[in-house]
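You will see two complexes here that share subunit A, one where it goes with subunit B and one where it goes with subunit C.
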Partner chain A sequence: MKFFPLIFKNVFRKKTRTVLTIGSIILPLLVICLMGSFLSALNMPDPAQTRGMFRIVTRHKVGLASPLPVSYAEKIRQLDGAIAVTKFNWFGGKYIDDSARNFFARFAVDPETLVLVFDDATITSGSANDWFNDRAGSLVGEDLIKKFGWNIGDQVVLIGDIYPTTIQLTIRAVYKLQNEPSDALFFNRKYLEEVLPSFQGNVGTIWIKCRDGAAATKLADEIDQMFENSPYPTKTESEKAFQMGFVSMLGNVKLLVTSLTIIIVLVILLIAANTMALSARERVREIAVLRTLGFSSWKILTLILGESLILALIGGIIGLGAFIIGLKPLKASLMNTPISGFASAIKPFPEVLLLGLIITLLVGLLSGLAPAIRASQRPITEGLRHVG
Partner chain B sequence: MDNPLIRVGNLVKNYHRGSEELTVLSGLNFIVEDGEFVALMGPSGSGKTTLLNLIAGIDRPTSGYIFVGTDEISSMTDSQLADWRSRHIGFIFQTYNLIPVLTAFENVELPLLLTPLGRVERRKHVEIALYIVGLSDRMSHYPRQLSGGQEQRVAIARAIVTDPTLLVADEPTGDLDAKSAEEILILLERLNSEFKKTIVIVTHDPRAAARARRIVHLEKGVLKEDIKAEDRGSVRLADSTLAFADVKS
Partner chain C sequence: MAIPLKYNIRNLFVRKVTTGLTVLGIGLVVAVFLSVMSLSEGLTRVFKVSGSPKNILVLRRNSQSEVDSGIYREQIPLIVTLPGIDRDIDGNPLFSTELVVILNMEKNEGGTSNVTLRGISEKGPHLRPQFKLAEGRMFKPGLSEVIVSRSISKRFKNCSLDDIIRFGSYQWKVVGIFDADGTAPDSEIWTDVEGAMSDFRRVSYSSVLVRTTDKLGQDQFVTALSNDPRLALQAKSERSYYEKQTSTADPIKFFGIFVGLIMAIGACFGAMNTMYAAVSARTKEIATLRVLGFSHMSILTSFIIESLLLALLGGVLGCFLGLLTVKLALSGVTGTTNFNTFSEVVFAFRLTPNILLTGIVFSLLIGLFGGILPATQAAFTKIILALRQVE
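Entry: the complex of A and B
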């Protein structure tokens, strides 16, 4: 501890350089934490399953843009292990304008079966029956209600794009899902079938509530096998895998994120190592003086490593702190984007913070190691003669 | 020889410059009594700074031995030497070599950080050292806020703060104006006479050498002349030194 003031003063010897180096640790660390949280969110257990909800989703094998025949839902419902089945159609369209702020998920659904499949959701305002009884009614997530300041009975006008029609909906009920974002709007598919006859007979995805985990696994295979040789082959997966599927459309996201993280760590390491090497080179004579006074090679090594460690720790602590503090506004800003589902799942995971701290410590130790060894091993007389 | 503090025998120091081997000290024998004030003089390349570095334990001889007190420093390992220096050597440099980011107090405190002394005791030692060099009122000043003479006095305080066995100084007045140099020399003389410190300095400055009780002349790595004050009297010693300097220049 008695050497701490000496180490600290050396760290801040060149303030501008120190601040820039700390900044070069903070920013990449923020990115690493974000990417680490992203990966952790991908690996999180299915929140529905943790509540005993075993849902699977069937879609066209080719992709979400290809619809399935609506009759598939009834066929699936008759399979053993399927408790309830509901149909989803992505409506898309725009609310007010095309801005990200006004973007949210909009689905045409079967109201009666939707609440059976998603029976872990609670109606917090209005009632499900009101929605069932109003063909132009809608069920809206609590997050959307808060965001737009809507109330029961308010009108929501959606201008279609995939489906060329404008629909006017009345909010009849508000739902909330536990530990999951409640930020979608559902309306009765019959409304769409009436205004757009071409819509009839097609379904985007079929959601199935299964009896248990074993049934979910069995059903997924069974459904896909059932439609394997039909003109509309299917792909059935768990609810979480389906949601992750949106992300995996980007490619091998995990590999990409991990590779980027490694590259960023190496970049921080090089920047910090450069700073430490410069700092040690500028003090060759001073280090020789310290050794003349009786500081051993080991002590010099410790002092220089201490400097690089403190430099990295300052950057690391500020970076991790900024990540924790900045996460909330960042999530809020992403709630209006297509990745809102992910944004809501991102949080300061302890394992991510630990990873950030470990990276910080590694950067601190490794960046100072080479200059520290060089400085501690240089002959004293050579150091005393050093000019520069 | 009453009480020898430094005993150097058959000391050889070679340096390598590429494939060429340079002999800086060749079989030097040399003794310094406890409490002596010795000035090492000689032309550039005569080996005086090399000898000083070897005595101070910051360089290693090619062969021969060096005893300081009962310690044979020529056979110590690097870590043993570092520990030995921290307890026995006070080094004063020509260019002061203070750490610019530390205050005068912190610079003087540096060698004490290697001792088991607590914070309060360290403070007491630093205050005494700075009082001796007359800089009690400059404790919180940074080197850039001090004059050259004051910086050198801080460096002397740093050298004496651990109460070392031996003070070595390499051209301690080389970077100072005449007035400041005089003050430093008076201080060194006082440390020797009043505090009984054994001092070995390397100097080109005849006025500095004149303060010493003994002047050792080196030339081409061998001891050429050894003049003691007891033999000739301090005034005559000073004269002889000045005369020597005139001849050399």
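Entry: the complex of A and C
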């Protein structure tokens, strides 16, 4: 590429313009990356499939707010294919106040069986035994520990709403999940049973670890059939399907985000195309001179396309780089905003970075296309006569 | 002495392609901003218009919503004999004991979402003036019958008139379709409260809705309720209960402003490029204007006006695109989850004149910031150098 220096000189001929154009590519690209990672976070791979975990969740068929009798857990445990069974109750309540920052998931659980079902979680500090032995102890996700700056032994006070009681917990252990956010707090359901006798006998969801994939499918149907005509019919689905249920509750958010992304790509395209049109027009006479010197129209086409491509690539690389580097501080600064839930789920997914690169290349090629064709097709005489 | 506006307008039309691309760019940015804001506005409206100012909602103390509240049966007589409650012609207090159950139902478009099933007493509909039965009839107590709001009926499976909603051993017949003029009941299914209590084996109601006589009665009732040691309950005006849930729209609003702002800076750069090109192509012309006696100031103003005009065209186009999108593509009702109650809230996109105005202001800001630097450059063109310049 002996013309590379020429193309490069052309890119930086008008520095202000180049900087502005690169800037106007970087900013929308950042938005695209953010939205793309949001969509990727929604479509996170099924933990049951990727790690051979085979977990299924049973809940009341009517909906999450209707509890099941606690005896169901024991009945399910006796079925063939169920390795471990544990019980979850959504405690809700509030920590300090109702703000979005102080919201996180809190569950009353069965400690001993919880660790059997979620055997992919690792205890990073404290110990599971400490937690088992302290009825008022809690197991907290690593993300929460970081967010609130908690330590082992700290007290956490939760004011109940569904369960009208205030509970005081001591952090005994910290857990971490491999590829998922670790941002929930778990405590012993016996504590809740003691302070609130009316709570006894109810369970929100029952989580089952199955022997293998086949057992998971078979068990899900078997459980639902077993309870079909009882006063508490159940619905059992894979962990992934259960989580996707929450995503589908968001409604058409996915569609909205996708269409916004497409519009933003269009916007960058317009801005970049505008720049290319401007710089090609200013050089009509110069290009005519190049043609007289023997440059073929094909070569002119390559020169201008190369210029727009390089311009876009510079913007793209800076933009993607800024996204990767700036993600951590950005996440931290978004933590106190209404979209903190979304912010904690984003990370630089490879597919998003690839998408960003493809969009960059596309913008580079498409924005230069029209000016390049026009410049290479214009008759030389007309070009030389052109008054800028 | 000011440079005539015509000069700027003509300049914009001389460079049709560049002007067109920039206007379209700004227009799209404004349209994106407007559609997100109209979503947030539509969602907010549901909570703003819901509830009647005379109604008081009784919940358990510390409860955030009806879903996590509970009121025992034996507490009801204590509540409804408190002072301040309005009465009907026969002298009976106006109240409705209600049970809220969340149903996980299948959407027509696939996937599931939570819908509020509300058990109400006889006076329940009367306490909600926007309620109107549109088709069919009211449910009869004790027959496992429900009435469904028109929006829910359109969006969820098995919710049309005469369908049966089934969950294992539970089933309810849809006997009526109702309309609540865009208020909260439009996202609900209603049934008889006593039937629902026994169906779901509940020992406590979720809430009690009470109509008070007037402002004075309201205060009387609230004070009496919170001072009664036998009741660990709280009373909220129905209006403020719903207004608090407008926080559901906060993430969308924040997202809209966040994305809008970043995109606006991007569009600003685009406008700046266009204006710089416009200035550099006209260097000689500007010098000539200066020679003719136009001051720095009038040239600066003139170019800023040109940039504002450019952006305004974009803003108007954006409003037009936004209106078109909301009226055509987003005209139906849509739903999302209200995380206060963990159930579906149905709403329609709303593009109000106020939002459109914000869009125009938004575009003018893009124009202003995009125009300042190029206009300054134009205003301080070195006359001699510029006149001597060969293209």
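Quick note on the criterion: the second predicted complex is superposed on the first by the 265 of 388 C-alpha atoms of A that agree within 3 Å, B and C clash if a C-alpha of one lies under 4 Å from a C-alpha of the other, contacts with A are read in each partner's own complex, and residues count from 1 in each chain.
Keep in mind that, in the parts below, a contact is a pair of C-beta atoms (placed from the backbone, for glycine too) under 8 Å apart; a residue touches a chain by one contact, two chains touch by 3 or more.
These numbers come from a predicted model, not from an experiment.
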{"item": "Which superposed partner A:Asp120 touches (first subunit B, second subunit C, both, neither)", "value": "neither"}
{"item": "Partner chain in contact with A:Trp298 - subunit B first, subunit C second, else both or neither", "value": "first"}
{"item": "Touching partner for A:Val267 - first (subunit B), second (subunit C), both, neither", "value": "second"}
{"item": "Partner chain in contact with A:Arg13 - subunit B first, subunit C second, else both or neither", "value": "first"}
{"item": "Partner chain(s) touched by A:Ile380 [first = subunit B, second = subunit C, both, neither]", "value": "first"}
{"item": "Subunit B or subunit C, by number of subunit A residues touched", "value": "C"}
{"item": "Touched partner set for A:Lys2, first subunit B, second subunit C, both or neither", "value": "first"}
{"item": "Which superposed partner A:Leu290 touches (first subunit B, second subunit C, both, neither)", "value": "first"}
{"item": "Subunit B and subunit C footprints on subunit A, overlapping residues", "value": "none"}
{"item": "Touching residues (chain side subunit B, partner subunit A) in the complex", "value": "53, 56, 58-59, 78-79, 82-87, 89, 91, 93, 97, 99, 101-102, 106, 110-111, 113-114, 119, 158"}
{"item": "Sites on subunit C touched by subunit A in the complex", "value": "17-18, 21-22, 24-25, 28-29, 31-32, 36, 39, 60-64, 67-70, 101-104, 107, 110-114, 167-170, 200-201, 232, 247, 250-251, 253-255, 258-259, 262-263, 265-267, 269-270, 272-274, 276-277, 281, 334-337, 342, 344, 391"}
{"item": "Subunit B-facing residues of subunit A, complex", "value": "2-3, 5-6, 9-10, 12-13, 285-286, 289-299, 379-381, 384"}
{"item": "Subunit C-facing residues of subunit A, complex", "value": "14, 16-17, 20-21, 23-24, 27-28, 30-31, 35, 61-66, 92, 94, 98, 100, 159-162, 164, 227-231, 233-235, 244-245, 248-253, 256, 260, 263-264, 266-268, 270-271, 273-275, 277-278, 282, 337-339, 341-342, 387-388"}
